[in-house]
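Just below sit the structures, each encoded as structure tokens.
Two complexes come next, and they have one chain in common, chain A, joined by chain B in the first and chain C in the second.
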Partner chain A sequence: MSSDAFQFRSRMRSFTDRLVTALAILATLIVIAPLVAIFVYLLYMGTSSLNLDFFIKTPVPVGETGGGMANAILGSGILLGVASVIGVPIGIGAGIFLAEFGRGGKLALAIRFTADVLNGVPSIVMGLAAYALIVAPKIPFLPFTGHFSAFSGGVALGFMMIPTVCRTTEEMLLMVPHAVREAALGLGVPNWRSVLSITVKTASPGIITGCMLAFARVAGETAPLIFTVLGNQFWSTNLNQPIAALPLQIYVYAMSPYDDWHRLAWAGSLVLIVLIVLAVSLVRYVTSRGVLKGAS
Partner chain B sequence: MNAKVPDIHISQAQFQPEPDSTSGQALAEIAPAEPSAVRKYLLSLGSSANTDRAFAWLMLLCGLSIFAIVALIAFELVVRSQLSLHKFGLGFFYQVFTDPDTHMQTFWDPVNSYFGARPFIYGTLVSSFLALLMAIPLAVGLAIFLTEMCPKALRGPLAFITELLAAIPSVIYGLWAVFVLVPLLREHVNPLLIKTLGWTGFFDDTNPTGLGYLSAGVILAIMILPIISSLTREVMTAVPHSQREAVLALGATRWEMIRMGVLRNARIGIVGAIILGLGRALGETMAVAMVIGATPEIHRSLLANGSSMATVIANEYAEAISDIHLSALTEIGLALFVVTIIVNALAQVLIWAVTRGTPAQTR
Partner chain C sequence: MGVGIEVINLNAWYGTNHTLQDINLNIPANHATALIGPSGCGKSTFVRCINRMHETNPIARATGIVRIGDLDIYKDAKPVQIRRRVGMVFQRPNPFPTMSIYDNVAAGLKLNGYSNRRSLDEIVERSLKNSALWDEVKDDLKKKSGASLSGGQQQRLCIARALAVDPEVLLMDEPASALDPVSTSKIEDLIFQLKSQYTIVIVTHNMQQAARVAEKTGFFLNGRMVEFDSTHKIFTNPSDKRTEDYITGRFG
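Presenting the complex of A and B:
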């Protein structure tokens, strides 16, 4: 009798085991399904509406067909440039501090924690802060303040890059062996030079990929741009004026009732996603090859 | 060889601000008159003590700038929402207005300056809760599959695919949701839900657009899946192998090993991952803005149009008509900021509690 009960239990256990395995595989398939759906649909809609005009023309008024998003692509480039100028040096500097100067200290712990928390602050709040900081107040003699401008959007994106760049820089620097630092210092190289030309240089492939990851993340951000750069239908390279941006244009076109604009939105999304997937794949490729090949 | 050793001693002595004069002189007599090229170069650089200190300070400044940014955001948001804070006080988050002319109840009416955040808080909570409900089992299932069951050859590509899901911009999720997901839900899922579960009151057949809390919840679930799953995976790989081996050695099946050896040890970290996903869901803007319907109302039905905190800011801020309107929107932003800071801090603490002490995992 007890052997019967034992056999039943044993069968139940192996059944549960198989059931859970099946459920896990099912969950994996369900997760992958939307991704495949998004990519297939994006490729299908994007390629059918993508043409040369998209890359060289500016938007046309409602009712006319054709037109492109050349100004939005340029605008996104300018915004990302401003964001990188702000975000990359500060982020790398903070990462260097965490890995080289504050290692193990309470201050470094607090900074790391704050960076992780800042990473989770919604992008729309960043936009609000940039609006309150630059767009709303009219400060005399200070450029860019008091009106919607490309610069304010760049600042919002730059702030969003800092935590990502900082944390990846720190992680990469921590992977550099101590022997490399000691060798540099042993040769009488001053510390700042050892950090910049030896440690950071050794970790530079990893740091660059970290920057690209941050870059890819903010390239698709729309929320902080709505009320800072505002969008623009025309060519503009002026940091002091509203400027067009690719994600913003996609949003405006997607919410419009015109089929022609919907097609442009799909084409814009395809361009954006291709850029981002390229960046992420590059990051993946470099990190999987061993970031610090030169060091070890 | 012999000539080089004192050479280094001297260069060090000269770098020090107060060199020991006697030993320095003694060594100088041994040294050759002509310094080597390396030493000349080093001497030409001068003392690096000041540069070093300046560099360290500069890097410290960069590190402190992260505190400064958080403080700046908080300060600006508080300053900009003063008007609304003073006028409505805490009632901002729950009050209901009654229009004296029409006797209609309203939460949010910019034209008549009625501002109450209740419908937005409700929308944010409902859509995030729906998203978590759908995302948690899937994310944990995916993490279990990837860490414990998956053949090695599949693990890399699958992990990469989930990473890609995290990299898709939210506006593209929104675009896809508007043109693919919402029609799908409207034509096939919603009628089914109304027919089978309509009696609960959560699925009313009053909204023919397909936009609403449920659509927002589904797209949010897809968006927070990769975050929860990759962090859960990280926490699960941090569980030492000896735990798994111990449970297996007692005769456990694989699922029993996962349940007793892995999930039990990683549960705090998994909760942290879920809370982090919640933080993302609370603050997600664009995709939700495109599918939730953007009406400042509260409905019991999950198929009805609503609005969320981030959404109302995105929709109304650029076209706000009065100072009090701007201020009220900023106060919603402030509330969102405070809530996400708390949620994220909690999540970080929980994840650190599990992964602390284990070497950096390759993601």
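Presenting the complex of A and C:
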């Protein structure tokens, strides 16, 4: 090959390289742009209505000014707590079964399929299902059922978390190298112990990410709450009673005809997003400390 | 102290693939025994039958008698008990990535419910000294993750981990094939020292390595053991034509 042709090819190659890099950067920007736009607009609209009252006061009747969403912030916290207590253990447990014990079996196939379908169920349907199953009927011996309650909302959100937690747990466990499992078995460690103490621990950064994804997703859900927790204008920490929740409060305020409420809805949206980011960051920080850093 | 291993009519399968056929041999206690042969000849399967790791694969099975000391491992014991007496070092170093150096060595004991901290400290130190890694890691035992060590160090860490549960037999499946020459020679020195305390079985593709570390050598071919004799005899005056062809490099 002549030296000219060689030079031409080499220049073409570096051109293609730069072109593809530029396209990748462009795609990244397009992905980030809406996120930044939403956040900036929220900051712009929300901060003006944010004050201390917002965090320590409950809503006031129409016509009066002031008031806050303290009860809704607390309510959301309680709902997400209940949801996580239900969704995280069941999701992780099912994920462990799929990856470690049920491999290739019919039961695993059925569970995986169910989880995928559940993942695609619209949230309003999850709310209706919770309503039909535990809000409308009183189930004997099961407390909190038969009426609107914080508990029923937590259940609806918790079941929405399960498929995400389950499938990410499964995928993260399958990524743990076979050699690591063999090392544990070769030491005479029983299989169940090896799964819990070695495989799950090795996969834990990914599993935690999955849990946080599920958490962040349900934290902003409104539809499942409409038929379950109903909403509440007053302080309540009772799992047996209707409770306020940020997304629900935002929905009600945003749909209202009052400017004052619109402003509070903006402030609520900003607080909701900031709280989700804070919660996710906190969990990441706590779990990334210690010797485990080499893991991820 | 190490114990001898007696293998009688061992057969093993992966699915319908008959990977080991009628293996009979006696592995002497407190010596190093090398197993050589071309890839796929069954030598790895053979060592995995000695600690019943073979059957962790759902499609695998084995028949025959393997006695470790007085224990008939396929009749009288559970796999978990055997693997505590028969340590294993794998081809690729496989430290537990989320654990510190200390926890890696202590893993076998801790995960089996042993928790006396003072003696755990002693065992970790002794195991790391036995695997010639102590001086390199003694200052970061709990600070560094096992995965942060170099490949050769990781393999010695894996040896320390195997030694910590105080086995009688140490199986090594090509322990140096993923390592550079310096690390390899460290592992070989280690085998030399360890065989006074343990019975060592080492699978290797490297015939010089077999000649350097092992008193006895077995040659495997197509799932059968062709010849088993003193290493000196195998490499200088093999009885079987196929052994001679293999060690002189005519195939494999």
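FYI, the second predicted complex is superposed on the first by the 227 of 296 C-alpha atoms of A that agree within 3 Å, B and C clash if a C-alpha of one lies under 4 Å from a C-alpha of the other, contacts with A are read in each partner's own complex, and residues count from 1 in each chain.
Keep this in mind: a contact is a pair of C-beta atoms (placed from the backbone, for glycine too) under 8 Å apart; a residue touches a chain by one contact, two chains touch by 3 or more.
Keep in mind that what you see is a predicted model, and the values were worked out from it rather than measured.
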Could you say whether A:F113 touches chain B, chain C, both of them, or neither, answering first, second, both or neither?
first
For A:F151, using the defined touch cut-off, is the partner it touches chain B, chain C, both, or neither? Pick first, second, both or neither.
neither
Which partner, once the models are overlaid, touches more of chain A's residues, chain C or chain B?
B
Answer with first, second, both or neither: which of chain B and chain C does A:A27 touch in the superposed model?
first
Applying the touch criterion given at the start, work out whether A:W261 contacts chain B, chain C, both or neither, answering first, second, both or neither.
neither
Mind working out whether A:R193 is in touch with chain B, chain C, both or neither, as first, second, both or neither?
both
Enumerate the residues of chain A that count as touching chain B in its complex and touching chain C in the other.
188, 190, 193
Quick one: in the complex, what on chain C touches chain A?
51, 53, 56, 80-85, 87-88, 90, 92, 94-100, 103, 107-108, 111-112, 142-148, 158, 161-162, 165
Chain A touches which residues of chain B in the complex?
8, 11-12, 42, 45, 48, 51-52, 54-56, 58-67, 69-70, 72-73, 76-77, 79-80, 137-142, 144-146, 149, 156, 158, 160-165, 167-176, 178-180, 222, 225, 229, 253-256, 258, 276, 279-280, 282-286, 290, 310, 313-314, 317-318, 330, 333, 336-337, 340-341, 343-345, 347-348, 360, 362
State the interface residues of chain A toward chain C in the complex, per the touch definition above.
177, 179-180, 182-190, 193-194, 197-198, 201-202, 204, 291-295
Can you name the residues of chain A that touch chain B in the complex?
13-14, 16-17, 20-21, 23-28, 30-32, 34-35, 37-38, 41-42, 45, 89-94, 96-98, 100-102, 107-108, 110-111, 113-126, 128-129, 131-133, 136, 159, 162-163, 166, 171, 174-175, 188, 190-193, 195, 216-217, 219-223, 226-227, 230, 247, 250-251, 254-255, 262, 265-266, 269, 272-273, 276-277, 280, 284, 287-288
